[in-house]
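What follows is chain A paired twice: with chain B in the first complex and chain C in the second.
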Partner chain A sequence: MAYVATRGGERAIEQSERLFREEMGGFDRQRVEEVKKSLPYLIDRVMGEASLYDEDLAALALAQTGGELYEAVLLLRAWRTTQPRLQVAEPIEQDTLFTHRRISAAFKDIPGGQVLGPTLDYAHRILATDVLQGEGYAPEPVEPAANPSPAYQPSVSAWQAENDLLEQPTPDGTTGNDIPDLTREPLLFPSKRAHTLQSLARAETGGVLALGYAAMRGYGQAHPTVNELRLAEAEIAVTHPDGRQFSAGRVKVSQAEVVDKKGEKLGIGYAATLGWNEVKCISAATLDLNSPGAEKGSATEEEFFLYHTEGVESSGFCIHFKLPHYVTFQSSLDAMRDAKAKKAEQSKSSDMEPAE
Partner chain B sequence: MDDTLGTLARADEAKLKTFAETLIHELGEIEVLKSQSGLVMLPIRDTAKGVAFHLGEVLMSEAHIRKGDAEGYGMRRGHDLEASMAMALVDLAMATNVRVSDCKAFCDAQAEALQNADDDLLRRVEATRVNMETF
Partner chain C sequence: MSLSTLTKPWEAMSYGFLDGSAKRELRRKMLKSVAVPGCQTPYASREVPMARGWGTGGLQVSLTLVNPQTRVKVIDQGADDSVNAASIRRFISRVAGTPTTMDTLEADLIQSRHRIPEEILREDQVLVLQVPNPEPLRPVQPNMSIARQMHADADYGRMWLQLYEQIVRSGRVMQGASYPSLVHGRHVMTPSPIPRWDVPKLHMAKHLTILSAGREKRIFAVPPYTKVEPLVFSDVPYKVEEHGHLTCTRSGATGFFMNEIPQDDGSSAFEVSDSEWGVKTIRARDGEGESRGETWYKDGEMSE
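Then we have the complex of A and B:
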């Protein structure tokens, strides 16, 4: 590569980092707590993209970077590599998800019913400018129902499979360290399904939306209908040294199934991520639905969308262009000057030729 | 799934630590095999093809202790080595018949508190159920 080692920037580099941090100001545990409490959906997005679930660490990363999301995710991904892996939990099954929200745009009367849960889907988007004038904002309290909602529901696709609307998948039975893991193996193509879905789970939300949206607008082969969208908490099923299994706590997860008519049955795409992030899951599931048979180099082809939605790699490649490229650029200038000189020489010699 | 361990893993951390502290004297000398934080990889099964894949890792605290042949184990979310050790102490106490009825009473009270919190949440969720009519 045509990079060149340079000297003379050490002080400037040190001072530039100081300037960044000085302009942002100091932060402490209290700031981290405020970020965690006030921005739960941003925390979820960062945890999903970092593929590291801990609200304190995500809030710390946001506080430390001033909300520069790519830097925050990079900090968390880097920190993750310093930690030992204690166990691989048992795979989460659909009917063990503690469900807060479960809706379907495909079927009105899904078993278990439509439960909206926490959402702004039907809210008026009005900025609360009164707050800037000193008014407080206190949300209206929920009026609880007399009976609790059933916490556990199977997936909508399981019900459809019972009704012969789509193929019932056979669980693969892979568990523990046998499950393919992108953090320990390279992504190769054609990609293993476990790699594809893991990569989408930790993908950058905006990238997934951009490519998923391209498919939704018509650059894909299948138009998605949301079969099931679910926000839930999942149990972390770990194993005691004596062999007993137990839940070591819950984490927020979101998932989406999207379907499209495919012959006599429905085609289905699936995606899930850590934290609650509906846009990412619907977009990722749309890419999954469209990927079989997609044209090479199209937005819905797996190599294209997996490489281009990996946020740490793509943002890292983008910002590397800020690094000194003096030699490559000098080489380009030399080539331009050379071409210009040759052209001038050519035109001079043609001027000197005698007229016929 | 073991409900007692599941309850201890989600029990109120301050109450768990306070209760576990009362067990230390009676447990006597114990060997600490592990007291550390680290990551647990969390897979989920995809509903389209039935494949298990990794969602990402969760920060956990783990404690593993031993007294004679009996083992105590604690694992909880987040970085709190005292809380995971407290869980392991309660687990070891029950495995070695130390104040078992107190341990069970503590777990029952915590299980009830967790259930009440879940019920309260799910009643609020139920308020968002759509009773759809078409016309």
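Then we have the complex of A and C:
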């Protein structure tokens, strides 16, 4: 059959995947464990973007994709979406979070104190090249404080609301399966509050940063002050069919409150994610802060930033341009050539007719 | 009641990959799209094990519609052997156990990116078109909430204006593929980036066409025997690509949509874009039997 030569597609794609995998070689449970242990912040980022809290699966996805982050997140999302929704956990309030780190840039000190917790913020960023010379790297041991800081704290905004500095949003009493779920419904605009927060929680970190940074630099209406940034662990409380409530474990969460100082009261923007993702939370909260009243089509308008920070969709569409487009190209080429021929013909005839 | 009566034995994945609730939603949204032809219906659009923009919308529809007897054909730019078509076909068959085919006439369900096959589709066949951008108003209104309102109001003035401006600037409508078309006299839709050549095939077609955009989470449909009219001014007729006179250098087929293959000497050769049509033409030429069905275009002209 004369067309046989063009039927190579199936074999070629199989071999191309083999080539990709050849570089990393095989992997096993041990490598997954190593990834999980050595790269907790990468795991957190991936879990946040995948909106799936499972350190083992996140580490597996990273090992399986060689650290191609978009691929790892897609793997997890595609797995996640096939899983049944067995239970909806009880809502979590800030004062129930087991807090590791809680800082505020708005006040020198806050009730409960500035708790620095784990951070590289004040580290000197010097590459430990000694390690490559064969030296080991062992971190200095942590010296526990004489008085441990209280583990449970309300949010800074709760204190501000008490002092009439800001208007707390009206609590949303929706519970259980009535809570809008972005993973089971399309995002429509004006967006439901739950959808906005869910969408920011699983947004692509770099994308949220880019748009959030644009708002911070002056393309937004509000300049953020970090009211509270928190890294914590949240208890997942679920209700057994027999009515008893129990803990299904703890998950790492991060949240940011940012405020503006424009009116008589503080305006507030909020974001929270699974895993400890500080840059993402601050950027997302900044977008949230800037979104009310933002001009349509501006980077701080919710339709703009929610659509364009969806990592699985944006990265997928970006790489889809590698697919052949010759039919559409041919179609445009035909119109271009025809228009060109028409123009040439027109300039040949000396007396131009006036436009109708 | 015990836990075992509520659960099923563990399986690595559901039949056809998508779980029951995802399929149920898709069925409902498909019915809605059929009921309101050309109107974009939002749907959740689950992630599938393929990147967004690579046919995930079409794939979700196909996975919902198939059963183990459904014979599936997948094409990309007209070709069954294109790498992504091969990948999608392999995936559907792997998770749904469907038989596959390259023959348009044998297929029960055809998932396609950017082409409609040259052979006339029947009432018992379903065409699933992959859609990158479901919004025909995007060039004149990038904001989706405003565009949605415009559809509700049948406010298509800017669409017409855009076509008019192209005629004034370039002497013709410059829209290549994805030619905006009015469905059932009410909704303007994009027929997906099929060439202008293929749009008339949708008009009063016998088959059901479902168009699905996975990344943009919109689904719409052209039910059988529904009017699909490209937006044209009464004095500037609709023009398909001038391919009617071209001959395929491989198969000798004339009068079909062609791929242009640039040659070393600066000229162009052409080969028929519908690869299976090319194969069938070659078979007939080489005396291996006639397997070609009726085509929409005859001698390079769309037949009525």
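We take it that the second predicted complex is superposed on the first by the 323 of 356 C-alpha atoms of A that agree within 3 Å, B and C clash if a C-alpha of one lies under 4 Å from a C-alpha of the other, contacts with A are read in each partner's own complex, and residues count from 1 in each chain.
Assume a residue touches a chain if its C-beta (ideal position, glycine included) is under 8 Å from a C-beta of that chain, and two chains touch if they have at least 3 such contacts.
Fair warning: this is a prediction, and the values are worked out from it, not measured in the lab.
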Discussion item. According to the stated criteria, A:D54 is in contact with first (chain B), second (chain C), both, or neither; which is it?
Written reply: first
Fill in: Contacts of A:P190 with chain B and chain C, given as first, second, both or neither
second
Fill in: First (chain B), second (chain C), both or neither touched by A:A272
first
Discussion item. So in the superposed three-chain picture, is A:A78 touching just chain B, just chain C, both, or none of them (first/second/both/neither)?
Written reply: second
Worksheet item: Touching A:K343 in the superposition: chain B (first), chain C (second), both, neither?
Response: second
Worksheet item: Does the superposition put A:E22 against chain B (first), chain C (second), both, or neither?
Response: neither
Discussion item. Under the stated touch criterion, which partner chain does A:V327 make contact with: chain B (first), chain C (second), both, or neither?
Written reply: second
Discussion item. In the overlaid three-chain picture, which partner chain does A:E93 touch, first (chain B) or second (chain C), both, or neither?
Written reply: first
Worksheet item: Of chain B and chain C, which one contacts the greater number of residues in chain A?
Response: B
Worksheet item: Just chain B (first), just chain C (second), both, or neither: which does A:P144 touch?
Response: first
Fill in: Footprint overlap on chain A, where chain B in one structure and chain C in the other make contact
80, 83-84, 183
Worksheet item: Across the complex, what residues on chain A touch chain C?
Response: 1-3, 6-10, 12-13, 74-75, 77-78, 80-84, 183-190, 296-297, 303, 307, 312-313, 315-320, 323-336, 338-339, 342-343, 346, 355
Fill in: Residue ranges of chain C touching chain A (in the complex, touch as defined)
13-14, 17-19, 21-22, 25, 42-49, 51-54, 56, 76-79, 81-87, 90, 113-115, 132, 142-146, 168, 170-178, 193-197, 215, 217, 239, 241-243, 250-251, 257-260, 273, 275, 278-279, 282-283, 286
Worksheet entry | Residue ranges of chain B in contact with chain A within the complex | 1-6, 9-10, 36-60, 62, 64, 71, 73, 75-79, 91, 118-130, 132, 134
Worksheet item: Across the complex, what residues on chain A touch chain B?
Response: 47-48, 50-54, 56-57, 80, 83-94, 98-101, 108-109, 113-118, 142-151, 155, 157-158, 169-172, 174-175, 179-183, 193-198, 201-202, 234-238, 240-242, 244-251, 253, 255, 257, 268-270, 272-274, 288
